[in-house]
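A, B, C and D label the chains in the order they appear, each numbered from 1.
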Amino acid sequence: MTLFTDTFLIALLAGVVAAGVPLLLAGLGEQLSEKAGVLNVGIEGMMLGGAYAGFLVAWATESIGLGFLAGAFGGLLVAALMVLFCVRLGLNQVVIGIALTLGAEGTTALLHHVQFSRLYPRLPEVPTWRIPGLADIPIVGPALFDREPVVYLALALVPLFAWLYRRTHLGLAIQAAGDKPAALDSAGENVLAIRALAVLGCGALVGLGGAFMSIAGAGVFVPFMTHGNGFIGIVLAMLARGRPLWVLLGAALFGACLSGSTALQVAGVDIPTDVVQMLPFAAVMLVLLIAGRNAKLPSALGAAYVRGER
Amino acid sequence: EEITSIAILTPETGTDFGWNQQGIEGAKAAGEAEGVEVIVAENLGYGDVRPTLRELAEEKPGLIIAHAGGYNTAAPEIGTEAGVKVAIVDSPDALKAGMVADYTASGHEGAYLAGVLAAKMTRSGTVGIVTSGEPPSWNAQSAAFAEGVKATRPDAVIRYAVIGPAAYSDAAGGKRVTESLIAAGADIIFGQGNGSSFGMLQAIETTPAGDGGKVTFIDVIGDKTPIDKGYLLSSVLWNLTPVYQAMIEDIKADAYGSRNYDINLKDDSVALLKTDQIPDDIWDEVMAVREQIVSGEVKVTPKFDADSVHALVSGN
Amino acid sequence: MSVEAMDEIEKPRALAARRREILDLLVASLGPVLAAFVISGVILLLMQVNPVSYYGYVFGRGLFSPTGVQATLTRMGPLLLIAASLIVAFRAGIWNLGGDAQFLIGAVFSAAATPLMAPHLPAGLALVIGMAVSAGFGAIWGLIPAFLRAYQGVNEIITTLMMNFLGISLASVLVKLLFLDPATTVPQTRTLPVEDRLPSLFGTTISSGVLIGLAAVLLVHFVMTRTAFGLRLRVVGANPGAAIHAGLAVPGLTIAVFAISAGFAGLSGGVAILGQYGNVRADWNPAYAMSVVPLVFLARFNGFASIGFVALFSILSIGSESAARRMGVPNYFTLVTVAILLILLGLSEYRGARRRQRAGA
Amino acid sequence: MPDGQAIPSAARPISGGAPIVRLEGVTKRYPGVIANDRIDMEFHAGEVHVLLGENGAGKSTLVSMLSGLQQPDEGRILIDGDARPIASPAGALDIGISTVFQHSMLVPSLTLVENAVLGRAWWRRPDREGTAARMAAMAARIGVSLDPMALTGDLSLGERQQAEIVRALMRGARFLILDEATAMLTPHDAARLGQLMRRLASEGVAVVFITHKLNEAVEYGDRISVLRLGRKVGGIAPETLRQMDPQAATGEVVRLMFGTHDMASGAAARVDPATVDRAGDPVLEVLALYAGAAAVPLHNIEFKVWPGEVFGIAGIDGNGQKQLAEALAGQEPISDGRIRLDGAFVDRLSIGARRGKGLRYITDDRLGEGTVGSFSVAINLLLKEIGAAPYWVQGFEKPAEITENAREKIRAFDIRTPSAETPVGKLSGGNIQKVLLARELTGTARAVIFNKPTYGLDLANIAATRQRIRDTAEAGAAVVLISTELDELLDLSHRIAVMDRGHLAGIVANDDAARRKIGELMSGVGE
């Protein structure tokens, strides 16, 4: 019996999407925040917040759509703390980012412990949208064009952000907020508002990514279930040098490596799993070694903006 | 020797329908049966457990059960330092009279039976194994499961995939990998993982098999019947109560540290869960194999290394 | 990121001012601790747990019981070495976020080498070589990001995070495939016998690792604030353009920073293994660096303050493990407490910075 | 005025009526200094109000309050007669106050056009083409040329300053603040800007103009206010100013600023080109130098500088002066050619090694690379000597020596700082420049490259600095003086080269015909 049937290939490709979409959303969110000058180390926490809130609401209301909304809102809520502490008050972004991650890990695990740990409720399958025509393409169609709406939303965000960054005043303002906030301020724009907007947007995106993991990806919530996806999101954002398309490529690379390692194992190729799991990271390092060039980050990244300070 | 209390340390919380829950519940049951108090220290993680061990040792319990492979260096050291008896897992050679005993909790015999069951029940002739990592106890069960399948149905195909090196909580990964295995033809999944096993369960509940029928799940260690939606085929149940009870009795008899403990089919500390999904005739056949194992007619040797597992499953 | 906010001048000041500063420091560090307890106390109340007894246990264990203090001090050793590693890097403007992998690589190699040497060498020598091995391999793991940053300008946050993921996996692979103790089924390295480990202090269970850690932090603090080498590193960190303009050998200094920083992280792994754990298991990662990063930031890269924060963190983590068990609170609650504490410490650090700003740095 | 045509005083519009902006007792304190001390001042429509004062007098602080970046600690600001705080830069722009700040307020990673549209409604699409056209038109109006699509970070400081002026003018403000806007302009461009200010004033705009060049003040100003140590120490009202001849007005301003009359005459007579002995060996030789990878590529640059000689380099900012200086100092890699110092090739040496051989480079980028803003004045004064005795002994810091060195230099160079421990970034622009000069002009230099050494300095400090440049040469060093100020070059240099698009268009001796020849070379006639 041959392994590489259509069904299996579809599952692998679908696996790339399933593993890649949370990373894509996390990377896009982090990119938004970093462009505006806020190094958001707390996205792991925002992701967990989104995963928990999304699952909770989807389960309680039996509405997947409300669940995703709540996921975005959960991430936004954690991001609001980041806005308060890092944008408004100018506290150290690394300290607060790590604190928010720890806090979200602890809180969601506690809540899970109280609410779910005896029942582990699981959600029904998430309905998909079939894109007529495209969904009929063999293999690719069912894997890519018969998906949860959030997948399309995540993909649509890529050109949307590219447009936002290059073609709108808001995009320019975001870039200025990250590169030279004083210049933006003196041009009459509200630096803190722009940064707050970016961080909240980041939180919502990342929360949505978390909700995708819990609602669509797993169908359950378990403590620490984002297990480092947020940090990979940070790496993707930095690698992408400000370009949304590169985040997509990076997320696809990571997704492909994860799904590919499953494929190798299922095919019985005998490599230690630890080695297979190192592949995406090794690939990125290799790219950096060969094509290593200056990854220019926004120059005010990580620095709080205080008007008139010098 | 008098014994009034025992302590048990687990790396995660005792609500996982798995390793930690079975350990804690086993200790409590043993304590109840033997009339000793049970101190539970759960969710200690895999990092630095020495401070907790020392603190517990100060309370001078009659026995400290260090219920994690990761604790089996620290526990004997602290036990010796503080003069407290300890029980550790997976270290048969660590035996020390009056001080250290080991219990190797391996469900490999049960996993073999699970393999027999799976081979008899698969419609597609393909079964899958998903694990969230490759610790020795899971390797032993994966290997035995594969052997059970092969012994029963030599033409059966076994698909094997690991979610990640330490992906115990990766529920989304569990679902994704399980879906791949189902797509590769599996209609029965033998799954091992903590948090991630709930993702496996969800995949099974939401993904139809290649023939459009139902995929079923064989769990390990705990009994997920209370949360089952009709997809749980069976589980390799571990019951640690007899192990802990034997330890307490050995301490009372001043014989602690003279032998290792294990769980096995014979005394039902390892058992296969019977669910409504299993037709009675098949169950009887499986139970016949159980008798063969108990009688020694069929020998299942545990294989703790990942290589053995890979060798068994890559022969497809 | 910018280190501009860091106060760069430490000069002898009038005694009175010093005293007031110490008082300020006490208020600034104890205030947030108390506030954090009040907030987490409220959460405990919501969970129907008596906060007074909870914190009674936390401090009873972490600070006031003899064995608790010993555990606290022991835990501080590797954390302090990580702090030393981070201080060097952060002061030089290098965001080494790969400490966990450097720690593990150092730990694995030293765990592989020392038990083999111990029977044949005087115990002290084996330990010294074991520590050198850990520092050396930690440093080697830091080299790729170092060269990429020094000669290609590749941002080290990306590369160190990548090397972190890689290193954590590699450590596991090494344990499983190369340095496996043939005597056990559990994948772990050979165990260094208790009597061959770093001596414990004064007949207690305190590992002498804490002394190594203290020495490292103080040394690093002194070098960074009082020597020409340290100042060069700080110039590179604060304004690389100025460093180039001033003729500093920026690539060389960058590599030196990585080597020292990753070396200390590796040494931390070595000290953890040689002083406490005795071996490395597969998939083991205590993630010390991630815990220490915020502490070092809060300390504003100051060595003394780092020691204080590491001590506070250790007390809290040792104490909470105990309190959680005794009060039946899930251990997750410790994470929440630490998060609240970090935020409040951040707030007070910020208020302090404002005040200094107004008073003229 | 070299180039600009003087505008007859009589042609000036009569200003009057209520002031647009009025300051009443405005005070601003910073740690250790009172930057503005109970300042009363009025700004009228139709008037160019010149703010004068030495470095650190508090001019920029006043500007930052007018533009909403800072709030006064005491006192109030009245807008059109109403006491209304200028709460933010947005608020200032709403009122119609538009500012060109002393330090660039452009985003380096955006193009000039994008910088110009910053602050417009978020949801609107930036109109790049339209804005570029309006920008180019405005640039043409004030006689500068700029490429609106250029990335700001690629431009020289002078070009950025021009762009900022253009941007401020495009906003169509009724209150325009120019903080040292002519500092980086050539005299010609400065004159054009001056005329524009006059034109804007005649159209009813209130202009605040800060400069250190008294001739400009007297030339374009309707009203002059002088600040000293944060206080307003006097001023010249429009009526008085109109009646004074430029000479008398300058004298009066100098008296107000420094309490003496003869400051302007402090400049020594023009150097005699013949004093340099070119028979001996040159100190600095630049042979067929190319730097292909530089932002402005250098090609075929050749010159020699003899001991005691000041070699001036003129040219419009952004023609490769910075690249040349950096190539000589070792900061910019060269692709071909050689550099010799005292007969030995230094072009393969590192920056530090060249410095060790006596090559000094005083950068014009005082914030970007000249100093570390968060470090103390004392450390910044030793930034290029870290590790050297007696400040460090065997690598260990000697705080007493470091502080002593700082005290000495602060005194010798009149650096206005609350203390030696103050972070250098907190000083006023001019005082940061003095830190740079103090650092570079001590010790034994063989060849010194000055890049715009007096930019941003007040009159007294300019005179002192020029004297130091002369002293440096007289001590036997070779001096390369890069400047956009022709008068400065004519005052100090023995020979002057003109730099144009990365190469030397020609070298002329500093004789009576020099001004004309340089003008020809700059406008391309000499080629």
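Here are a few things to note about the model shown:
Methods note: a residue touches a chain if its C-beta (ideal position, glycine included) is under 8 Å from a C-beta of that chain, and two chains touch if they have at least 3 such contacts.
Per UniProt, the chains are A, C = Simple sugar transport system permease protein; D = Simple sugar transport system ATP-binding protein.
The model shown is predicted, which means the values in this text are computed figures rather than measured ones.
Remark: among chain pairs B-C and A-B, A-B carries the greater number of C-beta contacts. Ranked by distance of CA centroids from chain C, the top chain is D. Mean C-alpha positions place chain A and chain B at a centre distance of 35 Å. Note on chain placement: the centre of chain B and the centre of chain D lie 76 Å apart, centres being C-alpha means. One finds 29 Å separating the Cα centroids of chain A and chain C. The set of chain D residues that touch two or more partner chains comprises 373, 425. Each of the following residues of chain C touches two or more other chains: 4-5, 169, 172, 176, 330, 332.
Within chain B, residues 13, 165, 306 each touch two or more of the remaining chains.
Every pair of chains that touch is listed here: A-B, A-C, A-D, B-C, C-D.
Those residues of chain B that touch chain C in the shared complex are 13, 40-48, 50-52, 54-55, 58, 69-70, 72-74, 77, 80-81, 90-91, 93, 133, 135-136, 165-166, 304-306.
Put simply, chain A touches chain D in their complex at residues 167-170, 172-173, 175-176, 179-180, 182-190, 298-299, 307-308, 310. Only residues 13, 15-17, 125-126, 134, 157, 159-162, 164-165, 167, 169-177, 179-185, 195-196, 198-199, 201-203, 205-206, 210, 226-227, 229, 306-307, 310-311, 313-316 of chain B touch chain A when the two sit together in their complex. By the touch criterion stated above, chain C contacts chain A in their complex at residues 1-2, 4-5, 47, 144, 148, 152-155, 157-159, 161-163, 165-166, 169-170, 172-173, 176-177, 290, 293-294, 297-298, 330, 332-340, 342-343, 345-347, 349-350.
For chain D in complex with chain A, the touching residues are 64, 67, 69-70, 88-90, 92-94, 99, 101, 104-110, 114-115, 117-126, 373, 425-426.
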